[in-house]
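Chain IDs A, B, C and D follow the sequence of writing; residue 1 opens each chain.
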């Protein structure tokens, strides 16, 4: 097991990793930008290193700065958290080249799943269902038209290098396809450096269901249940839950098994997530997130498995500590992301927190890096905390969460909580009548 | 089920009841003294009523004030929490007389268990083992000497009306007994209004093990596992855990079954605790706490049962929602009481909290009623928060708790945390080599 | 009210050191009036929680300080239901414009179904009655505003 | 160092816009020196992270303000290991009492096994060297204290 780990991140996920390390008996090194000198993760790590100015590009995203910090503190592994350098294969290589362990999959797996087309190829090879479409780059318009005729409309025209909802366009018919094909490719080239585009079937009201998985170096490949993350605003998840509610049990089993199959067939090591779109009784591979995810706590709450500790253990070469049949789910868990933003205009709301009261009591978990007097920086992600509840069933979890949100006082900045409170009370959420575009439509139709 | 409940308490237990009620869909009324106008429980209850000045005797302990508050807010039940009026049979009667439900056992049970001798009589009737001794008041010295000869020394001479470690004297031999008998009785009369004393076998190094139990109106009587609360300073519990570590499984079963037997034989309704002293392979009935206890969360963490919700349901006349065999324990939980006091001198440390950061993350629960800027009142109990952890095993729970305590920042007042940090790292705690007088001896032998 | 309840209520009142009390319940129209031995006989109802109200009596005066700018205030010394008169068909103890002397009964606060006569702790002229008849009052709540005579 | 690692390192440096770099590893005693086409030839090692250090270069001057009372300070523009000379047997770039001109190399900060020459961004006389040779430095850490000439 590792002796000392550098955490190449900040905020709540850095705190999360510090907590996991402490329980594993591993020392921690925090890195921080000049703006984060007073940050919570710096206070609670065993050591800390200032790695650059406030701008992430010159600090948290600076490969030489992070690697040098790891060098001078003589750590034996680096945990990248999520975001920043977490999916950067070059960073993973540099960490390895410096004789340290990157706590995540191999650089090869990061590359394989970092590219939409090679990710899809891997999924297809593992027998996972894909949305009908080009299954690869479409070079010229006529090829696109032919693929479209075979797949049927509506279709999504996507930049291969895009992501997070960017570089995508819905195409309803052939006329439109002819009009937008060249533009989309040109835009993709401008935005992502690659003009490669592909086509795939467009689902009007799919649910986003993702399966937590893990693999070890010795061939073990397990799924750890699924999460429903359909409650998204412009492709950003804001409410997540586990297990996925109102899912046909046969379909649930097939989705879980598919993810485990992908891990087995690719030889993926450590933890990751396989994302699917689900509509009716069909499910389709979307992408793999080769890292720990923001919403991992809901899975921890229902399985009792500490995913960050598991990730570290697997990166250190340990064997999977449980078998597939030992993964048991209990109760229901929901997470809301507390973002420092205007709940209606979604503009960032950095600043000093002048009043703070976090909820507590049974079944309530708060993962945060803030407190009264903390300054929410304008330079980084707006996620300041995650509120997670666990209860015997979904109804009880919703009640508990609503109560906990009422107790959550954050003064001095605006947060997304008022929006999430409304959504949690929304009949569509309670009755599981939502899909990935539900919130955007709901916001559009909201009076006032 | 009740529509609205008045919570005749303050601090963390008032918050705990508010949370339980919210999840049950019950409205809450907080009562508060003038000093508590800004208190957390007032902020988070649905309604609130000022019931008197800061002095508890004229507010939280004032029977007319509390009953009147319940009257004017038209609640249909009163939750007494712990302390204050929780074990006051007259209060329970008054609540019932005003057409409301007292959320706790009947006044008869409160009286039965409020008196040491009648409690022991009930335990004996249910076949529970008692410490050898007089099993009742000893009127005259010669009777005491005779009992002592039969039981053997050392013995404890106790005031029947005493409690909380007060009114007790260890007697090592007959000479001493002859010297102190009259004095102890006179002291008892002065302190508790009754000069009744009794004798019982004195255990030199017992563990305090208590069994959580519950009963319904229809005869169901279950135990919900046990807790070890041996880590006491002058009879005040400061670290509690569930299940009791290093306990012979046969003994554990016998202790649990004994508590359930007592519930069944007395017809006790709602939740309560049966306390035992355990030494070697023997266990002895100590007393019954006919209410929710401070340390109830450790049981909740290992069983997944919300004890306060259960208490309310049973008081409302619902049936026990589970059978004995459905009570399953999972993992290990430890609680530390965060008291506002000097950790070495134990003097109270009221005042304003000027810096506050509560720990979070997986398996960490905080039950508190404080926050940055909160004022810890000098008038009431020094308990400001409880930190509870849950982990797969005891070793992991200790590591998690130590980490969480490091994260727990409370500035402006002193807390007991530094003492508890040392105790948690103490080999005697880790190896379960402690007993109810361990901390007092440890403190006496501490250098400096 | 059942015999048992009644007996218990009486026992409780005895323990609380109550001198005399009246108990009415709308439930079954029952009414109970008890005076304990040694209690001062009087032509009107006692203030049964006097023992508890007594140490509090000083509080309103002290707490009234912030309101001193616009006159004196009589505050509720106990929590309960506010009544301006001793019974529905009786006259109000005081009205706006009345002069009030220290020690004069100004209203009733019903607590635990006991009618507690509230005495003014200041001299003055009533300028405002701050609460409606029959409404709940909290401890320390302002009841009457007074001006110096 | 394996061929594959080396190739990847070179590709990465290329992407980072590095002109020239030297890489030595104690592991197997291997040493790698690379200069990319179009890079300015020079008699001494380049500052390979110049592109990253550049926008930061202004920071020390600004950040030095609080320390201005007792002189100017040269701060570390990157995190890494501090060396006073280009190699163990070479002379120190600067010593206490030396005059330093803006743009003059004052030390090396080794980061990612690259030797980064740190240039002074002020003129002055070195009055104090605030860190031992071979010690780690954080971003923005004070390295040298200077007085005006």
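Convention: a contact is a pair of C-beta atoms (placed from the backbone, for glycine too) under 8 Å apart; a residue touches a chain by one contact, two chains touch by 3 or more.
Every value quoted in this text rests on a predicted model; they were computed, and no experiment measured them.
If chain B is removed from consideration, the chains that remain connect by touching into the groups A, D | C. Under the touch definition stated at the top, chain A and chain C share these contacting partners: B.
Using mean Cα coordinates as chain centres, the one most removed from chain B is D. Mean C-alpha position of chain B lies 63 Å from that of chain D.
Inter-chain centre distance (chain B to chain C, centres taken as mean C-alpha positions): 37 Å. Between the CA-based centres of chain C and chain D the separation comes to 83 Å, rounded to the whole angstrom. Here the spacing of chain A and chain B, counted between their Cα centres, is 43 Å.
Those residues of chain C in touch with two or more other chains do not exist in this structure. All chain pairs that count as touching, in label order, are A-B, A-D, B-C.
Contacts from chain D toward chain A in the complex involve residues 1, 5, 8-9, 12, 15-16, 27, 49, 52, 55-56, 59, 78-81, 110-114, 136-141.
The part of chain B that touches chain C in the complex is made up of residues 34, 49-53, 58-59, 62-65, 67-69, 71-73, 90, 93-94, 97-99. Contact residues on chain A toward chain B in their complex (touch as defined above): 15-16, 19, 22-23, 25, 40, 44, 297, 300-301, 304, 306, 330-331, 355-358, 360-368, 371-373, 391-392, 396, 399-400, 402-403, 406-407, 409.
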